[in-house]
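Here is the structure we will look at.
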Amino acid sequence: MPIMMYRDALRRALYEEMKADPSVFVLGEDIGLYGGAYAVTKGLLEEFGPDRIRDTPMSEAAIVGAAIGAAMVGGRPVAEIMYVDFMTLTMDQVVNQAAKIHFMFGGQIKVPCVIRTQQGTGRGAGAQHSQSLESWFIHTPGLKVVAPSTPADAYGLLRASIQDDNPVIFLEHKGLYAVKDEVPEEPFVTSLGVADVRRTGSDVTLISYSRTMQLALEVAAQLEQRDISVEVVDLRTLQPLDMETVLRSVEKTRRAVVLHEAVMTGGLGAEVSARITEALFHQLLSPVRRVAAADAPLPANVALEKYVVPNAEQVIRAIEETLAVKQQIAR
Amino acid sequence: MPIMMYRDALRRALYEEMKADPSVFVLGEDIGLYGGAYAVTKGLLEEFGPDRIRDTPMSEAAIVGAAIGAAMVGGRPVAEIMYVDFMTLTMDQVVNQAAKIHFMFGGQIKVPCVIRTQQGTGRGAGAQHSQSLESWFIHTPGLKVVAPSTPADAYGLLRASIQDDNPVIFLEHKGLYAVKDEVPEEPFVTSLGVADVRRTGSDVTLISYSRTMQLALEVAAQLEQRDISVEVVDLRTLQPLDMETVLRSVEKTRRAVVLHEAVMTGGLGAEVSARITEALFHQLLSPVRRVAAADAPLPANVALEKYVVPNAEQVIRAIEETLAVKQQIAR
Amino acid sequence: MNRELTKSLYRTMLLIRRTEERILEEMMKGKLASTMCHVSIGQEAVAAGTCSAMQPQDYLTSTHRGHGHFIARGGGLDRMMAELFGKETGYCKGRGGSMHITDISIGHLGANGIVGGHLGIAAGAGLWSQISKNNAVTVCFFGEGATNEGITHESVNMSALWKLPVVYVVENNHYAMSLAWERSTAQQSFIEKAKAYGIPGVDVDGQDALAVYEAASEAIDRARKGEGPTLIGAHTYRFLGHSRADPSKYRSPEEEERERARDPLTIMRTKVGSDVLSDSDVEAYEAEVKQMLDAAVKFAEDSPLAQPSTVFEDIYA
Amino acid sequence: MNRELTKSLYRTMLLIRRTEERILEEMMKGKLASTMCHVSIGQEAVAAGTCSAMQPQDYLTSTHRGHGHFIARGGGLDRMMAELFGKETGYCKGRGGSMHITDISIGHLGANGIVGGHLGIAAGAGLWSQISKNNAVTVCFFGEGATNEGITHESVNMSALWKLPVVYVVENNHYAMSLAWERSTAQQSFIEKAKAYGIPGVDVDGQDALAVYEAASEAIDRARKGEGPTLIGAHTYRFLGHSRADPSKYRSPEEEERERARDPLTIMRTKVGSDVLSDSDVEAYEAEVKQMLDAAVKFAEDSPLAQPSTVFEDIYA
């Protein structure tokens, strides 16, 4: 199978969707001539021309607004917002408009658009360029939210997102763009709303998505040495959340840890933890643990930021805590 | 003790703080001549003049930005954003600026400002005027978040918020403005970060804040008839969250239900549920239950909106579920 | 002067006026499902004049004060009234109400509860027209208060830059709730405001439907020819309060009286004379409109209430 | 011509230029703690000219490309370099870096990573000056690309309306990352743009420090007198890429060559002649600056790294 970078897989998805459907077009800052701040759209301008690969002024709200408007009348726009931190400028458009139009107008109008953006740490980009804000979007009925962790998922899920008739917030991770992995040559689409068991195990379920999936798999591999068998679930789509897959796994392992890069308080981990507990309280051998970024802004300092975001040690400790409760003393 | 409306209690707090401290001033849309869309600032223009009671153009981002800027150089602004739904237009200012400035600039600069806004349903105001968005703010380190449920708290907490050296998101509820209750005549300040046990009980802890506190107390009174003893905790401040008070209560009752008007997924209930479970898993007799708005936009229809937000029946059912688990079969 | 156009403009204005009066009446009776309802009484010429200049394939985005745009664009009274009554048969299945009234079948892309919230949407509709060459022009109505929202600036700049087929029509009724226009900006001329975007600006008498029609026609033509947007400021006045709750204490009775004297319906009759618009024409319109409204209210009343379960429908497409 | 002013402007520009060159050098060596660093080489005249017109009590808000403003306003090189190196002794304790460099003691209210993010803040500082009568003027620097952000519009309108003591200085270096000014707006003149707000607009040669100084002085005076804001567009050029990662392929080598020939340092020497600014003056400045920078780098190197535990400090005041 061909090996492909995450960013190239995303570009392939854009390319194929644009080829297949003339209503698909891309707009955003520096996505044309520059090829995208993270080089995802490189070469597309040459291929599709400036009408369908549209460099916009720095006007994030209007970029998303324009995507919504175009989607309402027949286009299938893919807007790029350079950093998720700038989504703060678009929240009215995303939350009050895109997410609600279909419902509010009695189902008359669809808003098939994708808002691609990227989040997370790794570059010491600082408090205003490193956040992870998926929680806001999952708290907004009407949006779908996607956060791929691999090149293959980046490709398959972006295609599915473009084909979806709803507004989709597509969250990439700045630390994943250069990651390489296999992506099947044959075109495919990866359904939204389906989590992926990335590694099977029996002692504990470790649930994550986006870049912390790497950490999850690393820890799982490490713990295998210690005979701790970790099942790793990649949520992939955060809204709708595939709780079925999660619960199936936790039913088996009876222990769970949720891991993400967003700050702990109000993070998606809380939602997953609450749902697992609601569904499987009497099967659980120990409380669901969360590992997440500390409740702090991020320092513009590569050396410091790693103290804020989750690390292997914390994940291992959380897993150990879930294991500390011996089966016999449990109910 | 004098009886006062929630909106009048808020006005009293503004009045007293403005009298006491010349650096306090108010800005926002229609807060002067009009007296505020919900009449909170009525009469203040006459008292303090247009310099300190400043009607602004419709420019929500700049209103919050101006509050931040003024706060950075010596003012103590209180900005009003007419509906929390319009906070979507200010998220960059709130999240990337206000919340982070103190940290990002190494502690050099404080941002003592209050952003007052109101949220919630009750008027059939529709999808864009009825949301409850506290989750976004508690997910933002650097902000304090307050949501009073009574006139006395509205008064005491607003005074504390104005006196606080941090940006405070002060969430009122459109359905509470006309609520009357006792407010002591003697001036006082209610500390941020302290929850209030509004009713003691022994069977289950019911945790809420803002307008759903009324529902919580109603249900508690109702269940008393059935010999179910409900302890009701009013969080009051959502960030910092007074988990000590919550845990103390749940330690006693060993059962908990969290209730709020924001939509379920990604709501504050998830955070509270996860924290209770993490702390008291082995004492809990049943899983923490959440009662919240359905994951749906709100219809502009007084008759319909009540099907989306929580009702007494749902709260009672949740409590009954927590009670269904008999002590003996529990661990 | 085009007699047919004149008559039709008058009829449209009358239809808007009487509909909104009826809405207020029904509201007083407690028939409306939402507390959110803003009428545009006094401003009818802007909606009528502008929409008359539109072609069938064109789009329109509207505001919280959108009944006029909706009616002038040809929205049906029956389902409109049903929507306001919160009925299943309403345009939005009773869940949008006055502030979100919409009919995509006539190119109406929605009234919006967020002031300025539809400005980006209008640019996007224009962008898609440019890309797809669908020959549609998008008319974007907004209040003068909305000019100070950031997205208005972003949207107008974007449309101007790309020469999108969008026409911006500012209904300058001089107040944004209580904020008078002169307390809202230091530049009150739309000719001057438009300069910031390198596009033509127009200051037109918004109480003169024919003048609005002329300005809109020219702007829509330009837009359709690919010459880009125009910013039209139509000077009008909101005869009533911002909403039912508003006693309009922020403006003087003298001003109100003076401005109410500039009623667009009267102005048109005076301007064109009874030769073009006779008393019997007007009487006939009144009768026709009354009948339509009675029918609409009856339709709304007879329609089933929106069912509770439907609030969980259409969240996703 | 004021000799002292001229000399001091030149020295400031040189200090900015050499500092940024040194920053790039240190960046290449891997000494910087963050990957976010944007230099303003070629644009020094705007910062120098403007800041020279400010008084001690004045405030300034800055951008992602803010080293020049910081230095021209009198920010210290030692703690600045320490900040870039991520050291405890940095202005922001090593957690702000280049993009958030700030020193409140000189009225510097922060560089900002959000383009346009500080525009509202500038209006707010001005508002507080107006309310408290502290006699301060706030200078708000931003790039021409930022003119298209909604909050820029909101902020300028608000300041114009209330006649706040704010001066808006647009560093028009003709590019916002890859977006050329003419691909960003249909109105490129700031004289025209200012009309939308009813305030004076100025188009000034941003490579001529004295011209910038004149324009800024006049605007700051007006602001201080309570006559409201001015929008100054200073035509300049970014000699290097947007950031280290940017090879600037979106502009032609010919254009770059032509614009680099308009070096503000050279322009000033040519304009004032060796009579005012002699070779030995320049040599002396070069030597002084080199020494300052060596000392700053040494200070930064010798300073302790920001400690991990400090990332949990200062979250709340």
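To keep things simple, chains are lettered A, B, C and D as they appear, and every chain counts its residues starting from 1.
Quick note on the criterion: a residue touches a chain if its C-beta (ideal position, glycine included) is under 8 Å from a C-beta of that chain, and two chains touch if they have at least 3 such contacts.
Given the structure is predicted, the values throughout are model-derived calculations rather than measurements.
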{"item": "Centroid-based (C-alpha) most distant chain relative to subunit A", "value": "C"}
{"item": "Whole-Å gap between the CA centroids of subunit B and subunit D", "value": "40"}
{"item": "Distance from the mean Cα position of subunit C to that of subunit B, given in whole angstrom", "value": "36"}
{"item": "For subunit A paired with subunit B, centre-to-centre distance based on mean C-alpha positions, whole Å", "value": "30"}
{"item": "Between subunit D and subunit C, distance of the C-alpha-averaged centres to the nearest whole Å", "value": "45"}
{"item": "Overlap residues in subunit B, where contacts from two or more other chains coincide", "value": "57, 59, 61-62, 85-86, 88-89, 92, 96, 103-104, 126-128, 141-142, 295-297, 300"}
{"item": "Multi-partner residues of subunit D (at least 2 other chains)", "value": "94-96, 100, 112-114, 117, 148-151, 154, 157-158, 161, 183-185, 315"}
{"item": "Pairwise touch network: line, ring, star, complete, or other", "value": "complete"}
{"item": "Contact footprint of subunit B on subunit C as seen in their complex", "value": "33-36, 86, 94-100, 112-117, 145-146, 148-150, 176-179, 183-185, 246, 249-250, 305-306, 308, 310-312, 315"}
{"item": "Subunit B residues touching subunit C - in the complex, by the definition given at the top", "value": "29-30, 32-34, 37, 55, 57-62, 85-86, 88-89, 123-129, 294-297, 299-305, 307-308"}
{"item": "Residue ranges of subunit A in contact with subunit C within the complex", "value": "23, 25, 27, 51-52, 54, 56-57, 59, 61-75, 77, 92-93, 96-97, 101-112, 141-142, 144, 165-166"}
{"item": "Subunit C residues within the subunit A interface of the complex", "value": "59, 61, 90-96, 100, 102-104, 109-110, 112-114, 117-132, 134, 136, 138, 150-151, 154-155, 157-158, 161, 313-317"}
{"item": "Of subunit C, residues touching subunit D in the complex", "value": "148-154, 157-158, 160-161, 183-188, 192-199, 228"}
